[in-house]
């Protein structure tokens, strides 16, 4: 019987994606340290964790997973990469460990009846792209104004970058805009040709679906080819400090989705500073605490911890939860505004509540704008359009089940 | 038409930048017969050093004179590259005299990993900025002739000029000086070179140093364009087709190869890409190089590969 | 003293032509196989299987394939990742498009796809040599990266470009437990290694080596460079393709083209150089070095650092890991430029003389 | 040994290749100032290895001197680099030519002058080499790889002369050269020896020639010196005559009717 | 002279010229080789001797002229065809396969004769195995013959120069050639070893009945064992005939032998 709740932490602090991977990983670790220091664990259950460097590579990710999955008290995995998520999606059901892919992963895995072990909390690439189109439409003065317009998707040429395409095509049909697809070969340091093409086709808007260095490179190329930055919209993985910092003024006016809030004023961040950094136990540099991806890491870990707490409510307070029990907790999570405020997440996110059928739990996001020095939230919350999403998810998950010769979960299974 | 010109110019400029990295490969190969896999890592290392020192120097000295800071940073980074060259000679090359190409290649690979680790340990693995005052915004030429003008990047033009200058300098060095001749001798036969008193150790330090400085210049320019981050090592992969197209042993070949590859890949991506789904420039560059090789197996300007019984 | 061939007289060329002419070696190999097939399954944990043994076995097979091309035939190739990819996607397409296609034929067909691809990209080797060829083979790599990302047909029209297989079975036995996967891969490896060994010690192997060592002289004694090179490409890419299919089907079970990126190509080349060019054994050593070392470092560095009282950050560990890895490569090369296999044979030679120093 | 200045003193060296192959088993020899000393011996006796050990070119072959000492003008030289040795005037002409394939003949010769500064001297030296080997002059602009075997051998010798040495280690200089040229090469050796006081240590298979020009000789067999003596002594030794000069039993035998049995060599007994 | 019978012309070289850019390596050379004879080519360095051999076995393509082998005339051939017709060759600058053992090097000489295909070799079933053994046996004979038994499994790169030359000869012999082209097989050997080598060559000539074309700088050897000698100088033929004739030829003395011999 395990005595501690073990959080395996897959992360990458080296390689092309290190600038973005590092604050994220730091946030995840710091939150756990803080919970231990402040609360003495989850209802008295101490948290332990171990980090494993994946370098964003699928095979190393799988190795890390295999290494950490059989640790006593293992909780859940957040693979930090779509590629690793794909690989683990095959393995998790066998090992009975849930995967949390907050804001990434497989969009169809929102369907908990088909993907019992995947939890794309708070948003998927489909909700993200949907919201972005809504926002662009709004800026244009209404979605109907998009008719005849041209929107270019500059995307990371990987499953991550390709995911939004079906939804965008759907939206393009609906609103009559033209969708141009420009893939960028990973890791994305070479985009000259891409932006020459942008210049040639003169799209009205460009959507940036990048990660790691690809983002800052895109912004620099946009500047070099004179594409107006205020017509450039990024996904929430292209909207953090490392993406724009070294472009500085050159990225002014660039807008990106904000999946979560940030800054140091929220209570949870203050707690982290107090209980972790002031004791000299911070994982990273202090001035990075509260940055966009750092905060996202904190939120991810909070959701994990709360899922454990929720599971304990059912399976026994003060006990170490198994992967299966955590899965139930994740599936039955309900954090309303009040609870969020109490946890210190006021303004960082919206309430989330999951169910057997909906593993996402919330599909809200805002838009932020870079002013040359820092990010500012510049829009209200948007929610992805259920009407569009639902059928896509349904057909997608059906296809998945058919391919795998699996069957949908029975309603009764939801009780377990 | 204007767009074609733009693409062409863009390709030429990109080509010059590849050439700059390719130059590093050529130098070391030509002068010691080693295919230096670590060139990409050296570019990264140099750029990281440059970026961080230009950040730290003002802090240490308390000035905010950009020029001074950059100058000092350049000198310090240059010194770092010298140290790297010296250590590599001492710890690696010296012990591998007269070994086969594959072994040396592998050794440079070890060096690659080492430098990547070392660079990130010392300098961090975030994205850093090199601001050497390069103009970032585009200029538009011939606006009277073409609507919208022809877009040209001043930054690219400056970078291309620097690359061109370096190449001319190094070509002269190789063809005309005693040391240049000695370097070529070393590349042909380590042992024979030793036997007639060419000090391999010193030669290697010199060559790796020069390659280090070339890497520094390349790192500075690329870094100023793209930001300095681990992925900078991947520009080495873009430079490889340039190296073989121009010929592993030819300094001017690096430039010509660079221009051909640069233009070829940009034109193909822009004009061919859309029909096949895009993202073809990398393999197109390699296939282009391959096609040239079928006609000239030693590259356009490479020394003939000698096989004689 | 104990390791020598004295007293083991060969009475026929056949016995002298055995793979392991020395009795002690034969016993050692038999023991090793027994351990691999019987003892390991009794001891290994799930992690050991999935993260270490299975990758090791599959990578050994791939390295073996690469070694035939690079080590035996001297054609340096950086396209091995592509051959793996072609094998994997080839097998995948046969597997999903022909309902009821059994696993082993699918793997073999995948290997054949790779063979075809290998021969195609091997054609330039008839004109282009050495490093030029090495770089040129990257064309195959980048082309395959692109092809499997961009041509949807290959991924069975999957939206994300990621594909997966499941419920594998061989002759009615399911291959899903770690043990069954391991034994399956190991059995294939043994078969392939045996066939490969037969090839390299036979006439075709001598042709390959002759081409490697001096192609002009080889052609003077009647070896056709074209046949030798292309057959090396074919055999090697077949094996690599099989390994690729196994990597995808058995190890990853869900994959995207990035699984066979250029890094994979480089890794495979490193394996054969570090392990020993032109040595079947070397392929295994090399694969072990490249697969295991990072994992070992990753796990033991923090502990080691704690031992000497420094605490290194996770990033620090990763960086230190890179540095140590690089350092070890260089160190091994200095100790023995011809790879671990050579080191091994030298130590055997020492053992023969033992306990006398020379 | 005469009582002249000993410049090179090799003292009981052992050489091991690849950490396991013991090749030299305690070789000692001395070379005196201004002498021409020949090392004779069959294939694989260890002549080349001995020369490599002296000029410190063993490392590249993964060999190492494990015992004994080598002194040049009283200084231990085992740890000097080959380049240092060249500066001290010791240069080796390697067996098997080793010309720089991509360089032209003239460039090959000029690399020999790497350690020297004076342009005029180098030019004069180059002229001298061309005088010795007129054939090289006609091929001066050809890449070395495309010259004939003999031309390459001349080039290698010429290149060594370009370093302006005071001691030359010659490894099989006559190999592959036409008889006239062999004669020529040995005349050059004599010439440099008498006029410029260059000391020579040469490993040679052409025993006839070697003993004609050398003043002292060592005979090696499987890693050991089995016999040494002045050239005159060696020439008159019965065994040497039979095995190395091919004139056993009085007169020269025709290659056509060499016997197929071999007499056991006395010094191996 | 021995009792061996010299047969008809087996190899006829007609008006061969070879140029490399400006270098005239061979100019209008004609001579022939008779079956079973030992035919030497001599001449100063750079005269074009090696180039001549290269033309005969297809490494170089002569700019002009033709070669007739056993009545079949050709002016361009690749080395493979030459090998198939039964012309073997050793090299002046060792061209052994350095990474392979002595046995394997010599075995490559048998490759032309191997019938079993890739699959049979991979499985090493019946015929492939038997074939391998058969050739191995032949090669062992050569090894015995050349007295290099002790080095069977040594990688040739580690052998001393002289033994490498022997292996080179062995490899050529393994082809069971009708005509054997030897390029300075005795360079770098002492008298004793040269005697051995001569014995090998003579035995090959006698026992296997091979015709031999020999390039050699040691006049003693050439004069003793050859039946006829061609002399080249600067790419031109300046003499041809029995050893004695050639030795007395003024041109030859001036260009090559010098006066001391």
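Should a chain be cited, it is by its letter among A, B, C, D and E, assigned in written order, with residues numbered from 1 in that chain.
As a working rule, contacts are C-beta pairs under 8 Å (C-beta built on N, C-alpha and C of every residue); 3 or more make two chains touch, one makes a residue touch a chain.
Predicted, not measured: the structure shown is a model, and the values here were computed from it.
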Chain E and chain B - chains in contact with each: C, D
Farthest chain relative to chain C (centres taken as mean CA coordinates): D
Of B-C and B-D, whichever chain pair has more C-beta contact pairs: B-C
Of all other chains, the one whose Cα centre sits farthest from chain B: E
Innermost chain by mean C-alpha position: C
Cα-centroid distance, chain D relative to chain E, in whole angstrom: 28
Euclidean distance of C-alpha centroids - chain A vs chain C, Å: 37
Centroid spacing, where centroids are CA-atom means, of chain C and chain D in whole angstrom: 46
Whole-Å gap between the CA centroids of chain C and chain E: 41
Residues of chain E whose C-beta touches two or more other chains: 59, 91-93, 95
Shared-contact residues (touching 2 or more other chains) in chain C: 145-146, 149-150, 214, 216-217, 220, 315, 318-319, 321-322, 337
For chain A, residues that touch 2 or more chains besides their own: 13-14, 18, 22, 157, 183, 185
Residues of chain C that touch chain B when the two form their complex: 70, 76, 124, 127-132, 135-136, 138-139, 142-143, 145-146, 149-151, 214-217, 220, 262, 266, 270, 273-274, 277, 315-316, 318-330, 333-334, 337-338
In the complex with chain C, residue positions of chain E that touch it: 57-59, 78-80, 82-84, 88-89, 91, 95-100, 104, 107-112, 114, 116, 118, 121-124, 128-129, 132-133, 136-137, 140, 171-172, 175
Sites on chain B touched by chain A in the complex: 3, 6-7, 10, 14, 116, 120, 125-129, 136-138, 140, 151, 153, 155, 225-227, 229-232, 234-235, 238, 265-266, 269-270, 273-274, 277-279, 281-282
Residue numbers on chain A that touch chain C, as the complex places them: 11, 13-14, 18, 22, 25, 51-53, 55, 57-60, 62-63, 66-67, 69-70, 82-83, 86-87, 89-91, 94, 106, 157-159, 162-163, 165-166, 183, 185-186, 283, 396, 403-405
Chain B to chain D touching residues, read off their complex: 97-99, 178, 181-182, 184-185, 187-201, 249, 303, 306, 308
